[in-house]
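Lettered A, B, C, D, E and F in written order, each chain numbered from 1.
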Amino acid sequence: MIIPFDTDTDSIIHHAQRLNSLMPSHFMLIIPQDLDHGISIAISGMLIVVFALLFISLFIAGLPRVLAIVAKVWPEVDTHHGKASSPSDSLASEDDAIFAAIGFVLHTEFQKQLQSESNS
Amino acid sequence: MDIIFDFLKTTGFWSMTFGNAIMIIIGIFFITLAIVKDYEPLLLVPIGMGAVVGNIPTIAGMSLSVYDVHSWQQIGDEIIYQPGSVLSYIYFGVNQGLYPPLIFLGIGAMTDFSTMLSNPKLILLGAAAQIGVFLTFLGALFLEFNLQEAGAIGIIGGADGPTAIFLSAKLAPHLLGAIAIAAYSYMALVPVIQPPIMRLLTTREERLIRMKAPRNVSKREKMIFPIAAFLITTLIAPGAVVLLGMLFFGNLLKESLVTERLANTARNAMIDIVTILLGFSVGASTQADTFLRPESLLIFGLGALSFAIATAGGVLFAKFMNLFLTDKINPLVGAAGVSAVPDSARVVQMVGQQEDPHNFLLMHAMAPNVAGVIGSAIAAGVLWAVLVKESF
Amino acid sequence: MDIIFDFLKTTGFWSMTFGNAIMIIIGIFFITLAIVKDYEPLLLVPIGMGAVVGNIPTIAGMSLSVYDVHSWQQIGDEIIYQPGSVLSYIYFGVNQGLYPPLIFLGIGAMTDFSTMLSNPKLILLGAAAQIGVFLTFLGALFLEFNLQEAGAIGIIGGADGPTAIFLSAKLAPHLLGAIAIAAYSYMALVPVIQPPIMRLLTTREERLIRMKAPRNVSKREKMIFPIAAFLITTLIAPGAVVLLGMLFFGNLLKESLVTERLANTARNAMIDIVTILLGFSVGASTQADTFLRPESLLIFGLGALSFAIATAGGVLFAKFMNLFLTDKINPLVGAAGVSAVPDSARVVQMVGQQEDPHNFLLMHAMAPNVAGVIGSAIAAGVLWAVLVKESF
Amino acid sequence: MIIPFDTDTDSIIHHAQRLNSLMPSHFMLIIPQDLDHGISIAISGMLIVVFALLFISLFIAGLPRVLAIVAKVWPEVDTHHGKASSPSDSLASEDDAIFAAIGFVLHTEFQKQLQSESNS
Amino acid sequence: MDIIFDFLKTTGFWSMTFGNAIMIIIGIFFITLAIVKDYEPLLLVPIGMGAVVGNIPTIAGMSLSVYDVHSWQQIGDEIIYQPGSVLSYIYFGVNQGLYPPLIFLGIGAMTDFSTMLSNPKLILLGAAAQIGVFLTFLGALFLEFNLQEAGAIGIIGGADGPTAIFLSAKLAPHLLGAIAIAAYSYMALVPVIQPPIMRLLTTREERLIRMKAPRNVSKREKMIFPIAAFLITTLIAPGAVVLLGMLFFGNLLKESLVTERLANTARNAMIDIVTILLGFSVGASTQADTFLRPESLLIFGLGALSFAIATAGGVLFAKFMNLFLTDKINPLVGAAGVSAVPDSARVVQMVGQQEDPHNFLLMHAMAPNVAGVIGSAIAAGVLWAVLVKESF
Amino acid sequence: MIIPFDTDTDSIIHHAQRLNSLMPSHFMLIIPQDLDHGISIAISGMLIVVFALLFISLFIAGLPRVLAIVAKVWPEVDTHHGKASSPSDSLASEDDAIFAAIGFVLHTEFQKQLQSESNS
């Protein structure tokens, strides 16, 4: 399948690719290079997104406990917080379990990814 | 009839191409969709009118299009300014990725992250939905788009207009019109695209799950969150620093409680002005000769796919999480992870109520919804950082 | 006295030219006119203060004037940025014709086209008044202005500030100050210029004509109008695409009923910001050495003529139309065809009530009034399209 | 009457015109060229303005009738429209007469203008 | 712990410099100060968040910083545009001195000069406080800063953020970040810096002086004032024409009573938008490598000195004036001459009430307070005019 | 005390100054030149600020009297002004004394400054 690109910056590369695509032996060598590279970008990209949001999750889960300690030294003016801390604890303990599980899977995947990148 | 016919030949009616006519009809269709169906009117009306305006055939030698940009030309020893068109100056903010961060500022100043703060595990659903971005990226590569183009197309799966425009401007400006139109079209069509996928991937029992009321969140948590979340996300993905910097800056203006007037302007006059200029000039950039191409069709196809994958990703990850949880998540809520704020959260509410009219999922769905915004901004940052370095 | 005198010689008081002093007095006169007579204050106050600011003699070597524009200079192999003055950056929006379309956006979001929609034949009065534009164009050619200059001068007869600034910026930037000042002065003086001409050209019987109450207009008509009117006008006169695109886009934001917040910002914060920047920098561009010239006097003379002709054109065409109509038009209403919204419509009401205090012509006068805005934008588009191509 | 122009772009032409204006025989040949061209611009410009607004007039006059048909298929929620269509009909029939009259005059003028332009 | 550690090494956490970390902490400290102490929150929150955002270490090759400005580069015969970063476009308004006059426009539209008009001799206190500017200028020269740098540092003593940014942008752009931060920090710290100096230089009897209630001021006086004051000040100091032109233009919009809508937009949406962009981008310009230098420490030292001198100047001049007056001035009021509107006027009120709880000095202090704004704008104009000419 | 400047525009001058500063005889000649120039800038700057605000003071002090005359010819609609003019008179007479005193000192200082500048 050939799409007519005409943006100047890409034309040279695409002409080269089209020429190559006429030669069956090269076809499988050149196109998959981008795709292969793309797969590694996609996996690490997805992992970074998940890691970043996981960190935020963990931070938010831990924040009420830190603030509960801070509030003893430097109490907040409104009283929302006192009520909030007790239910969050039970939530948080459950969160811990799930974060640990997901964290482990991510770590393993990420290590694999790093290894495969350093090999290529 | 004769009078009208003679006259028409002397005007621009006759010089209009078939493509222009199609684009004008598409523009009018967008406006109609916005008015009749109330789908994303704040964007579809400006984009639609922009498409109508941008496809009026202009007279040779007049600089009118968004693409008639200014330049400096050396004539002898002097460097002379060649003015651009009015629309090109307005489009500059699109072209240079200036409007999207300003819109994020306003969104930040509007968004209440409370539900997310009260139930942090739902954030992960916003991460899971980004699988749509990366699988679409691979799909685009498979269809022989180059890496930069594939990155820009993939971000349609982020279901976030400003993010899509920002990344396209950086990686593939020649596809910006098609990508922006695809992103906003599918965001408008979220109530059509998502429900079948959501029903397909969930059992009736799952759709009936009721979730616990979220806890109250203290003011301090809300104040600390934008700064902390900014540091966490951008230290991990520095490419997202502009979008997330503005998003969390806007949220800090709101939550600090001492800059209320700035937050108010950011979420009203400022975001409205930018939305008008962005929508109109993006619309005007969809001129038939740059827009009606085979790529655009592929982009639309990939865009639809990306929304479907993102929805599935969110729903399935919620089901995966339920394996570990005692307080189960209603997996419908996962569909809100695609962002498309607040439409996809409303869709969750709607689909949930079709099974149980007394199940209120909206508030729970807002958590992955706003997390999805953050998630796709991170994805954009990663793609930009990786692909801008590649010069292959 | 001696102390003050010695001191004065050491300051900038002594380096002020006679011309500067005159321009400062003119500026103060504009402000006074706005405050005392309430004539177009939103424009005369900024322009007046701008004229005062722009005529303070500045120190050699400091970049302060609107004409101290930025540039790029080649030094060796590098291209170095030479910054412009603050006022030059603000004036950029005038210079490049950027502010007028944004003001039209706000005007569109303010304007209710209902009376025009309910009585479409009154639109033709707005067309007839444009005779002022084209006869003044010929008058300017006769006084040996070149074609481009004549076109820019002629548009004063459109009685529409943003249109006049837009066309001057494109065709004759060196006359922009004089043309803008003339246009706004005469718009302010509409209550003085129009009534004698209106009385001269109408009989008492004509001035007593009462018109039928306009019919109600449906929401659908109002929604369809901006898109249809845009397509009709710009396919006939593509040069008007920017001005009319923005005017009708603004009106669509208002009438679509789903983008109320955008319309609200367009007609408030956005138009105000642009009005402040436009008025002030246009005023500041009237520096004595560029403004106090024989041409400016001719432009003022031609401007007065153009308002008179446009008024006469509207009134006489209404009388001509009455030859064919059973429901007669009060020919005073024709005077509102010059635009100068809403002042000339108010003048019609006032002159009508002098004959018959129970005759309410205001609503009827709004139809040719807003049609006059469209008419002069089309005229500007035609003149731009024809004259920008001519390089003779 | 001579006005001191000093904008660079125009100076050459104006100098030429001034020189020519010293020679009486050329005076009538050169200045009127701009004016003559201007007259044709002015007439076609005025015609275009009138045509464009006439088209809008016609469109608006016809719109309620089209919408009345549409409303049968797809009724508008508010009821303004129903009342509006009947009086507009009587107005519209009168409009037709005047539009036809003006249209005819404009057409004739426009044809003349086109002819004179193609001759010159 | 091991998981987190491995991950951290692969992200940007590890590439952050010590300087960046310090600047992020300073940014968070500013935000905390604004929230907890309510010190100048409208500026400290944007600047603080800007400092956090600007100090995230970015990936090589990505254009993200305010210093990644656009440029034009000659490649062969063509001149090619090299885009800048998003933040660089926002910072352009700081860099070119564009935002400060627009903020002055809003301040003018907010400020009521009534108390100053009713007691004109208090204006001189606003002049006296400018001694802080000129002595600090000499101090900076003594510390081997060059003339331009010394001028920009001196203006910190004007206690006026926009003026300081404007002059730094013109004379010493490389010090702008440090000067702006110093100016805003000390403006925030006015309640800490001023009281001891005020008490040291006044006797208890002086602090107890009660002043006569100010007279009513007519509308005409208020209308004439901005124009007259503009002409007087800028004919004497033409370098102040931009800042004072905008300040008095804003005030005229307010006092003319016929342009209320423009004044309203100038003091709300417009000033808010500019404040957001200015504060955030000034903050983002404080990158560790340009900010954490020995000069910055010297600038902070000189800045503290300048506030102290300015306060002393105002107080002592009030005592000097009392030698000639029968209706004595409370010398505390002199401290408000530093401007820092309205904080220093509030400090005057507070210190006065510590001696006599029934003494209301606030209204009297507003007169030197706003006069101080004018005074430091004149000082900036003088320094700019003198130092921009020097090329030595 | 040497501060590390690294802005391009200033580097040449500062290098020269640093070189000179190694030679004790030149040290006192070059650095004070800036400072000396600075002192004259500071004095005239301060005088200009004071003069400008003094002028505004005088103008404001005189304005109510001018407006009182104007108001007889062209009365203001609201009545604030009538009440305002009488107390301002007494204030103004006191103002005159202080303005005269300050004006004299400033004038003398300014003349000195001008003389010293023309001598250097």
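Rule of thumb we're sticking to: a contact is a pair of C-beta atoms (placed from the backbone, for glycine too) under 8 Å apart; a residue touches a chain by one contact, two chains touch by 3 or more.
Labels paired with UniProt names: A, D, F = Oxaloacetate decarboxylase, gamma chain; B, C, E = Glutaconyl-CoA decarboxylase subunit beta.
The structure displayed is predicted, hence computed values, not measured ones.
Where subunit B touches subunit E, under half of the residue numbers in use are shared by the two copies, so each contributes mostly different positions. For subunit B, the chain with the farthest CA centroid is F.
Ranking A-B and B-C by contacting C-beta pairs places A-B first.
Computed centre separation for the pair subunit A/subunit C is 55 angstrom, with centres defined by C-alpha atoms. One finds 19 Å separating the Cα centroids of subunit E and subunit F. In this assembly, the C-alpha centroid of subunit B lies 43 Å from the C-alpha centroid of subunit D. Among all residues of subunit A, those that touch two or more other chains are 51.
Shared contact sites, meaning residues of subunit E that touch two or more other chains, fall at 72, 74, 79, 236, 268-269.
Those residues of subunit E lying in contact with subunit F across their complex are 116-121, 123-124, 126-128, 130-131, 133-135, 137-138, 141-147, 150, 174, 215-221, 224-225, 228-229, 232-233, 236-237, 293-295, 298, 321, 324-327, 371, 374-375, 378-379, 382-383, 386-387, 392. In the complex of the two chains, the subunit D residues touching subunit C come out as 1-5, 7, 10, 13-14, 17, 31, 34-35, 37-39, 41-46, 48-61, 63-64, 67, 70-71, 76, 78, 80-81, 83-84, 87-88, 91, 94-95, 97-99, 101-102.
Put simply, subunit B touches subunit C in their complex at residues 11-13, 16, 24, 28, 31, 34-35, 38, 41-42, 45-46, 49-50, 52-53, 56-62, 64, 72, 74, 77, 79, 81, 83-87, 89-90, 268-269, 272-273, 275-276, 280. Within the complex, the subunit C residues that touch subunit B are 71-74, 79, 96-98, 101, 105, 223, 227, 230-231, 234-236, 238-239, 241-242, 245, 248-249, 252-253, 256-259, 261-262, 264-266, 268-270, 384-385, 388-389.
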